[in-house]
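Below is a structure I'd like to ask you about.
Labels run A, B and C following the written order; every chain starts at residue 1.
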Amino acid sequence: MSSNKRLFWWLVAPGAIFLILFLILPLASIVVFSFWRTESYTLIPDWNLDNYIRILTDWTYIKFLLRSLSMATIVSLICLVFSWPIAFFIARYGGKFKLIYLLLTSAPFLTGEILRVTALQQILGPIGVINMALSTFGFEPIQALMYTNTATAIGLTYLWIPFMVLAIYLSLLNFDFELLEVAKVNGARPLRAFWEITWPLNRAGSAIGVVLVFIPTLASSITSKFLGGPNGALYGNILANQFGSTGTWALGSAMGVVLFAISLIVLYIVWKMVGDLKRSGVTIKGGAEL
Amino acid sequence: MTDTVLKLDNISKNFGPIKAADDINIEVGQTEFFALLGPSGSGKTTMLRMIAGLEKPDTGTISISGRDVTNEPPYRRGIGMVFQDFLLFPHKTVAENIMFPLKMQGASEKDKRENLQWVSNLVHLEGLEERYPHQLSGGQKQRVALARGLVSRPSLLLLDEPLANLDRELRKEMEVEIRRFQIELAIPFVYVTHNQEEAMTMSDRMAIMRDGKMEQVGEKFSLYHDPASQFVASFLGSPNAFEGVVSSVEEGIAQINWFGHSIRARAHDGLQPGDRAVCYVKSEKISMLESGGALTGVLRDIIFKGQYADYLVSLGDGHEITVSGAPMTGLKKGAPMHLDWDPGKADAFRAQGGAQ
Amino acid sequence: MTALRIGKGVQILLLAALYVFLYGPIIYITYVSFQANSVWPFPPEFTAKHYISLWNEENYHSGFVNSLAIGIGTGVIASVLATMAAVAILKYRVRRSVYIAGLFLMPLFIAHILIGVSSLMFNKMLLGLPGNIFSAILANATYATAFAFLVVVAQLARYDWRLDEAAMVFGATPGTTFREVTFPLIWPAILGAFIVSFLLAFNNLEISFYNLGATPTLPTLAWGSLRHGVSEELYALAALINVAVFIFLGVMYVLLRTGVVRLDYKD
């Protein structure tokens, strides 16, 4: 082994071992537990498929899963559509303000989910400022904002749209905007040029953004708990319950495994849709001006 | 060579399918300025990086001052190096940059100061010691890079296209200076470039590289005047090329039929009558005669280059030959030209594609 | 031309709308945190009472200390591990290092709730360890390492590794090279990674919640308070945390922009 290779492994090993010990092993352990069963708050290593059969045949679980899936799909698409022009603007016209725009976009993300949801509750909901204002001035309050899935969707968009903007921005960083001039000279209108040039070259960023929004949205429980109301529960809430009051850890583990499996499938599908990564300006490399 | 400093034995290096070095053997002596010349991608930088220890050869040994350093890391080889883009440390001042090698050797403060003084005098950097690299001009950066390479009085200095980023004016000036440093310090310089003028100006000996192979190594004059391969003949100078069939070979001189003209040159590659050959004649080796000559034509254009001029001669059948010589006022476009050369100064090689 | 201008106009409008969307709630909650009436605080009636009750709430003190510990512990682990890996991958360009990069980015694609419950289950059921602040730090550090790795890689993409080679040729060992050349040039990236991972862990709910049991942190306290109908000191807390985040990011911005640090060496 050359000395460079040895140094490489010495530098990489601590982090890799750390991730294997504290991320991959625990994840593997819940795969094991998902085949066990729980009885009065203890796990019993009694190998069976009951948990999975229950999740995949009992309509309650399927219903919540479908609800979460559609929520995640809708929120990812909303984020995708709105983030594109924003990220494009920052990358193309941001100039020396790029960094400011980006920090402003990501700052709210760093305050954490719970405080952001707290802030949103003040805006949405029956006694949120929007509906309070409407009723104060004698208008009908907007029902859709009061503990509904719509409110949850708005909340999830609020939480995760910074990821999408960042992912698209990072892929646009390596994009040569002069290609658009070329397209224009050759007769393409702006939208056509976008569709022919910008989008195909930056699909990877969009794909990564979609996955980064989809996965936490699919698993979300806090937002739906506080903005969705009692009827707005999602898969994540049911999953959380198994580890809370009911103490059915094996079933919870199986639900977690299902969630993880779906994440992997989505990752795979999106990856396939992106197709040849080499043709779609891969992010990071080549000098991010973050 | 009794005073060999650098010795490469059977060095080979592959990057996947690419042969960046193919069985290279070089020796560089104590006071030699050795230029490594070759087209882009021929493996010059790789060669230098292997000497520096930044790349490990697949096979072969490298020794410096008689010590086998093949498996030594760069920081134990005791050499200096000047990099193409200078690679000055942006967070260190000029003085700190220059003293860096001494600091790494754990030299005393007094030593460092003395050597800094000496080397900044040598390369004319007085007064710039406290500046940062981004406050320097290109030529000044170049001098700092040189100073950093020389300050620890290494047994060998490697230079990788150190002048490539400078403008022509400055380059001419630095060429002379670098040569002066080398003579003054009496240590070997291994100088990589793809600019043959640069190599010619400065070096004692040169090596011509191509696709990881050494095409020819030797005194710069002999490389220029006696190329041993078709590649070297075509690469150095700006030669005219004539491709045709050998009609006879006598006493080492081949007679080549080139579109009905008879052309003569030294025969290489064991040329035999009937072989397809290509003949190179450097433009300044062609003489313009009053009458007769191997080739006749008319003067189509004169390109005045200052100390000399290029005369473009049309041969009537569409071919054109370039002749270099002293600028002459008497010649007018359209004048008849009679060209010839000493066959001992032209070289014919087997044409790529083999015999016919 | 006009189409282009319209396009650009739409983009600016959307960017503005994004900021209104993102900052509206934050600004509003900050405003509410100073209001006596939090439901319909118009006309304004300023008060500091929510801040005072936040200050008087003993729970929040220990929550703050615990959050700080989690943030610092996570920040240190994540930024060190991520920097080592990023340097290794970018500097040595070993074949197949993409897979290693994939491992370091993997946590980005795993829902936090899964990280939380799996480390809870692993510690409790297999190792018999009760949740505590250390297991919370370790679990937080997994995904924080991924973020730190992204930050460092994005910054180091501009670093010219040949500077390290130059140092080696002039006699610097790998360790000295890092101390003399690499670190002085890349420390802002490392600090940025620390700040980001610190903030993420400090404010994390889902992972800390499952690992900590009864030990309070600011986010778990906020969660509890929100669950029992909002108590108003939460507004004060949210406002303060937002200000803190802004200060941290301001520091980062200044470091990256004022030329204290010049990472833009490679043209």
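Details
By our rule, a contact is a pair of C-beta atoms (placed from the backbone, for glycine too) under 8 Å apart; a residue touches a chain by one contact, two chains touch by 3 or more.
Being a predicted model, the structure only gives us computed values, none of them experimental.
Of all chains shown, C has the CA centroid lying nearest to the centroid of every protein CA atom. C-beta contact counts were set side by side for A-C and B-C; A-C has more. Taking the mean of the C-alpha atoms as each chain's centre, subunit B and subunit C sit 54 Å apart.
Spacing of subunit A relative to subunit C, judged by their CA centroids, is 17 angstrom. Residues of subunit A in contact with two or more other chains: none.
In subunit B, 73 are the positions where the chain touches two or more neighbouring chains simultaneously.
Note for the complex: subunit B touches subunit C at residues 52-54, 73-75, 77-81, 83, 85, 87, 89-91, 100-101, 103-105, 134, 148, 152.
Contact residues of subunit C toward subunit A in the complex are 3-4, 7-8, 10-12, 14-15, 18-19, 21-26, 28-29, 32, 38-40, 42, 77, 81-82, 84-85, 87-89, 92, 94, 97, 100, 103-104, 106-115, 117-123, 125-126, 138-139, 141-142, 145, 150-151, 153-155, 157-158, 174, 196, 199-200, 202-206, 210, 219, 222-223, 226, 230, 234-235, 237-238, 241-242, 245-246, 248-249, 252-253, 256-257, 266. If you check the complex, the residues on subunit A that touch subunit C are 4-5, 7-9, 11-12, 14-16, 18-19, 22-23, 25-27, 29-30, 33, 43, 82, 85-86, 88-90, 93, 99-101, 103-105, 107-108, 110-123, 127, 129, 132, 136, 158, 161-162, 165, 170, 189-190, 211-212, 215-216, 218-219, 221-222, 226, 236, 239-240, 243, 249, 252-253, 256, 259-260, 263, 267, 284-290. Residues 160, 162-163, 165-173, 176, 180-181, 184-185, 262, 265 of subunit C touch subunit B in their complex.
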